[in-house]
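Look at the two complexes coming up: chain A is in both, with chain B in one and chain C in the other.
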Partner chain A sequence: MGEDFTQQIRDKAKELLENGAVECVIGYETGSDGVSARPAFIYDAAEVDRLAFDNTCTHNLVKYLLDKKGKSTAVVVKGCDSRALNLLLSERQIQRDKVYVIGVVCPGVVEWGWNKRSEQLQKRCNWCRQHTPVVSDFAVGEPITEEPPAEFADVAEMATKTAEDRATFWRDQAERCIRCYACRQACPGCYCIDCFVELLDPEWVGIRIAPDENWMWNTIRAYHLGGRCISCNECERVCPVNIPLSLLNRKLEQEVLDLFDYKAGMSEDAPAPLITFKKDENLGIAE
Partner chain B sequence: MSRIGVFVCHCGTNIGGIVNVPEVVEAAKAMPLVAYADENKYTCSEVGQGSIRDAIREQKLDRVVVAACSPRMHENTFRKTVATAGLNPYLLEIANLREHCSWVHSDSKKATAKAIDHVRMAVAKVARHESLFPKQVGLTKRALVIGGGITGIQAALDIASAGHEVVLVEKEPSVGGRMSQLDKTFPTLDCSACILTPKMVDVAQHPNITLLSYSEVKEVRGFVGNFEVDILKKAKMVDHKTCTGCGTCWQKCPEKVTSEFDLGLGQRTAIYIPFAQAVPNKPVIDMENCRYQKYLKWTQTEEGKKPPECRICEKLCPTKSIAWEQQEEIVTEKFGALVVATGFKTFDHSVYGEYGAGRYPDVISSLQLERLMSAAGPTEGEVLRPSDNTHPKNIVFIQCVGSRDDKVGRPYCSKVCCMYTAKHAIMLKEHDPEVQCYVFYIDIRAGGKDFEEFARRAQDESGAVYLRGRVSQIYQDGKTLKVLGEDSLIGRPVEIDADLVVLATGMEASEDADRLAQTLHISYNIYNFLIEAHPKLRPVETQTDGVFVAGAAVGPRDIPDCVAHGSAAAAKVIGLLSQDSLTTDPLTAIVAPMKCVGCFACKAVCPFNAIEEQTTRDGRIIASVNESLCKGCGLCVVACRPGAINLRGFTNQQLLSEVMTLVRR
Partner chain C sequence: MTKILGKTGLESWLHNIMQERALVAPKHVGDLILFDPVQSVDEVVFDYENTNLSPKEFFFPRTDTLFTTKSQDNDVELIPTIIDQETVIFGIRPCDARGIAMLDGPYLDDPADSLWAQHRNKTTMIGLSCTKPAPQCFCTSVGSAPNDSSSVDIMLTEVDDGYAVEAVTEKGERLLQGVELKESDVTLSAPSCDTSVPAEGIVETVKKVFDSPYWSRLADRCIHCNVCAYVCPTCYCFDIRDRTDKGKIERIRTWESCQSKGFTRIAGGHDPRADKGSRLRQRFCHKLLYFPQQFGPLSCVGCGRCVVSCPVNIDIREIISDLQELGAKVG
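After this line comes the complex of A and B, so read on.
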């Protein structure tokens, strides 16, 4: 990682921009604090040296492809981010021939803040099974092989609580939500032109910032991601009040995995289970 | 501001006996936007409908709630009522106070409170109703009949005789279906071929019928009045335009293979017609078994012994009709209506270990016995044991093989077996007076005109011994078959030395019935029998408009039923094709282009292929609904995350205002 990865990305970006294969390379650069990474949009081959890659490269840049529809774009993705590419391809939000994927094998990103960086891995990296991107046109780094970690330990722990305790827990979380919608803005799966939460007719959710409405917002958003969440956990990272959204999203991810043996974004053409009817599907409900 | 009228029905005592109707009327009067409320003994009566019409005019109502029975019962009635008073028929909402309230509750007080809630919700919904208008679409006045058995033949002849063009598709080389394999038909003992063959010939000669034998339906697109169907025409390798059906080729072909038509009891040649009366009476070449084809395959590898080049048919054909270059092809044709008459196949009895699992040559199926009894069959009508060609004397019949048996996944009754077994018993006695028949049965189902008399005749006149009970085992003992069973009426075990055992195999959906049903977007049950729109009132319609079903493809049926259903389906097709344009139901889904993100989850869930792609002026690809195909099921509405799809008549806004009215009351 580090210098070597950075150089490979810069070289590839330079080549792509110079030969006109892409109009823009979306990658990371070091922010103005000189410590942490931020997204960078490079349009000129002369500027590729701005690009960098280190263990603070946390953002899921696939989100930005939604603004580049129809334009040839290269994007730097980590393993987790890469699943979003397949999600958006299967939902026809991006076109494969317009996207050049620079896939970086990522051992994990660390907790960081403005002008500071710890050596502690982010929470999501502890359950990560996707260090190597599922899709890439240019691979950076060698695939990592390791014993796959337990994925849903925290979800399982949550499930041991009583229904009342869980309700209390989520009510407390909902009370803290300030409805800033940062979770939605960071999520590659959230791309509706008009989000249900902002509709006034029908008014699915009141605009009042209050526990009931907040709870409704977080729940429906989780359901809209059921069978679609690729667990990059960007929503939880950007939440300014630290609501553990991954507990919701990954609960649904686990349910979908158990019922349908399906994980979103693992391939471009696997049929999404919640919109696929199979005659002989046994969900264990009938008997 | 809306002026809503509420009309509460007593339905005699059906509603009024439980629900306090005057109280509901008073409560309705106090609801927002309600300008008028009244009650009727029977709102659906002429008097009741008149009171709605009068109130619309006198009270200047612009929306109507009828609180009565299920909308499935009378929604259309009341739509017409409000329309005659000048309102758009869709400015109506039904509150179901009968099925959803009075019929299922006994506590009058609580039922009345629930009835008021129902009315409250209906008022909230109807306030958000909009005028809807049906559209007209054109139609192609041609019909496709799939399946050339007796059902399909009847349907095709009836539609064609009404003056419409018909294409009849049959997957086998000849029409005729299962009926052409039968010897006689119960209960009149008409010769099956004698009554069927003329109809087969009619099909071939009718100026309005195009017969596509040896063909299959592959793909169906479109909607009622405007179907587009891909039909696969398999390669016959014989030019049927020039072939005269003289028979030289199939008489001289040296390659003999087992005949499917004779169910393994006889042989046919590689170039063949399945049976003597086949229509068209022109052969096809079975490419698997043709010697020339084997030779051609050999020339590619030159491995093994060189087979003879053969081509005898080609050399002998007086009209030079052998067409080795023929390829299978797909033709696309347009139709206004489709009839599915794909029939049935018989149950494969080899799953029954106790009956020998298909190992004993003298344990045969009833259909095989038909072939043995048929004058055109492999034994020319002489009933001979397959093992040694002797005349069987003791013949045991076993009923319900693959019927009424949960163990083999066939719990249903195949309906015809009791009767055809009685026929066999009578016929065998006529063939050979020394024959003694034994019939093991569960019970005898002989409902139908002259059926019971016929079944009695087998016992009283032909001397068949009917034993109520199942057979537990059959085993070969020298030349005879030992049949061990039980006569449950006297509670004793029975052992019979049989020369021949005939299994009354039941009816199963034909091969591929489920695939065809999926292509046509019609329902089928777990046994792959097709499902009609209503088992009593719409027996030949399906949930897909313009697709009709008939015959044994829907379930076990005998010949008269199949013919009747063939004609019934034809009547429906003729009615449809007699129109100059079709009116579409306006209760369809509609896409809001500005909200659609083009993820096409709607397309994935739509059972009717009604979602199409459309490019907006700013170049976005979004969904749009083909209103002719849309059935208004609402699946797409649920799948749409941005809420870009709404269902007319059941919009999100309408449903939400119902719910909110209830939770905020």
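After this line comes the complex of A and C, so read on.
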């Protein structure tokens, strides 16, 4: 990783911009603190040296493709991010022939914040089983042999608590929520033109920034991502009040995995279980 | 001579305050430090850089009830919200206090906002000078200082044997009545704030670069959440809605932000700020152009919260520098 990856990304970006294959390359550059990465949009081959790749390149850049619909765009993706490409392709939100994928094999990203970085892997990287991108037009790095299926230790631990304790836990979390919607804005799976939370008729969730409404917001958003969440965990990273949203998303991920043997974003054409009707389907949950 | 309050003296003073008033102070909430009501002095965090969220919510709550209705004999009565609770905020930083004082401009301008006025009247702010400004801080570049006492009621500055005390307003003097203070000849040194942002002349610069493609390029990166506005001590926009519950109507207002899609959408569907670039430009033009034109100061107090909290590193300090550079080219 590091300099070698950076150089490969720059060279490819230069080539794509120079030969007019794409209008813009979305990658990473060093942020204003000089120590951590931020998303970068390069339109001019003369500016490719801004691009960089290191172990703070956390942001899931696939989200930005939704702003570039119909425009040829190259995007730098890590393994987890690449699953979002399949999600958006299967849901017909982006066109494959408009996207050039620079797929980077990622051993994991580290914990960092503005002006600080550690050498400790992020939580999401401990459960990651997708270090090598599932979609790629240009591969950076040698594929990593993936480890056994993901475990859900954190989810299992939560399940050992009583319903009352879980309710208290989530109520405390909801009390901190300020409804800034950073979770939604960072999520590649959240692209509704009108999000339910802002609809006035019917008003699914009141606008009060208060525990009941906040909890309703976080729960419904999690359900909308059931069978669709690709585990990039961007929602949790961007939350300004540190709500452990992965506990919700991973609970649903595990349920979908157990019921349907399905992981979101692994392929472009696998039918998504929650939007696929099978006449003879019997999950044993309602006779 | 400087008046000093010892550390134990401070603790018993805060304890006494709590008996008659609500005390709000920096407190550990999960892994954050937030201003929150405290029930005991043990909960108060004395040594902190800056809280994760600003204390503006004690003047401009996340959700506030403007009034409720009461129906009787075919008549509807509007019952306005009355705030009775006296509150003391301890440990407020000069930048945050300045942010609140700044909002007196829009909120107390005729016609005054009753809720804001009531919160201001009922709240006493005990400031705490910064002894070590954080790397994201830049208050000295936007007209303030780590020991700026202009917007608090009482200013405390940590010294070797306690806190130097300055009663700034009458409200502050009243709160200090009966508190035993020692005289000392200690001289207070002003800590430095190292980050320098070229904010001088920015109002004129922003006018020049209003139509620059800079904004839409910057907006490429912005994900248009409301984090910056909600952590900001000087962002004060809100949304209003009526809430009906068992025949009773409650008119509420909640935080809103110019970064939200649809913030300026009007009936008929037109949105004058439909694209990301114009929404992002609005945020910075409000802070660096419209607010100063209307009320005087830049509406940024240099607390650096947006710098730290932005998920994609939209950094107002970098933006001010970029705009000055662009403005110089435009001439």
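Quick note on the criterion: the second predicted complex is superposed on the first by the 281 of 287 C-alpha atoms of A that agree within 3 Å, B and C clash if a C-alpha of one lies under 4 Å from a C-alpha of the other, contacts with A are read in each partner's own complex, and residues count from 1 in each chain.
In the analysis below, a contact is a pair of C-beta atoms (placed from the backbone, for glycine too) under 8 Å apart; a residue touches a chain by one contact, two chains touch by 3 or more.
None of these values were measured; they are calculated from a predicted model.
A.B. asks: Put chain B and chain C onto chain A via the superposition and say whether they clash or fit.
C.D. replies: fit
A.B. asks: Regarding the shared-chain residue A:C192, is it in contact with chain B (first), chain C (second), both, or neither?
C.D. replies: first
A.B. asks: Which partner does A:R171 reach: the first (chain B), the second (chain C), both, or neither?
C.D. replies: After superposition on chain A, A:R171 lies in contact with neither partner.
A.B. asks: After the superposition on A, what does A:K161 contact: first (chain B), second (chain C), both or neither?
C.D. replies: neither
A.B. asks: Given the touch rule stated above, what does A:A272 touch, chain B (first), chain C (second), both, or neither?
C.D. replies: Touch status of A:A272: first partner only.
A.B. asks: Touching A:N115, do we find chain B (first), chain C (second), both, or neither?
C.D. replies: So A:N115 only meets chain C here.
A.B. asks: In the superposed model, does chain B or chain C contact more residues of chain A?
C.D. replies: With both complexes superposed on chain A, more residues of chain A are touched by C.
A.B. asks: Once the two complexes are aligned on their shared chain, state how close chain B comes to chain C by Cα atoms, in whole Å.
C.D. replies: It comes out at 5 Å between the closest C-alpha atoms.
A.B. asks: Taking the contacts chain A makes with chain B in one complex and with chain C in the other, which residues are shared?
C.D. replies: On chain A, the chain B and chain C contacts do not overlap at all.
A.B. asks: Please name which positions on chain A make contact with chain C in the complex.
C.D. replies: On the chain A side, the touching residues are 31-33, 36, 38-41, 59, 63-64, 67, 113-115, 172, 176, 178-182, 184-186, 198, 206-210, 234, 237-238, 240-242.
A.B. asks: Which bits of chain B are touching chain A when the two form their complex?
C.D. replies: So the residues of chain B in touch with chain A come to 514, 594-601, 604-605, 607, 619, 621, 639, 641-643, 652-653, 656.
A.B. asks: Considering the complex alone, what residue numbers of chain C touch chain A?
C.D. replies: Counting only chain C, the residues touching chain A are 29-32, 52-53, 62-63, 135-136, 217, 220-221, 223-227, 229-231, 239, 241, 243, 252, 254-255, 257, 260, 262, 276, 307-313, 315, 317-318.
A.B. asks: Contact residues on chain A for chain B in the complex?
C.D. replies: So the residues of chain A in touch with chain B come to 70, 91-93, 191-196, 199, 201-204, 224, 271-272, 275-277, 279.
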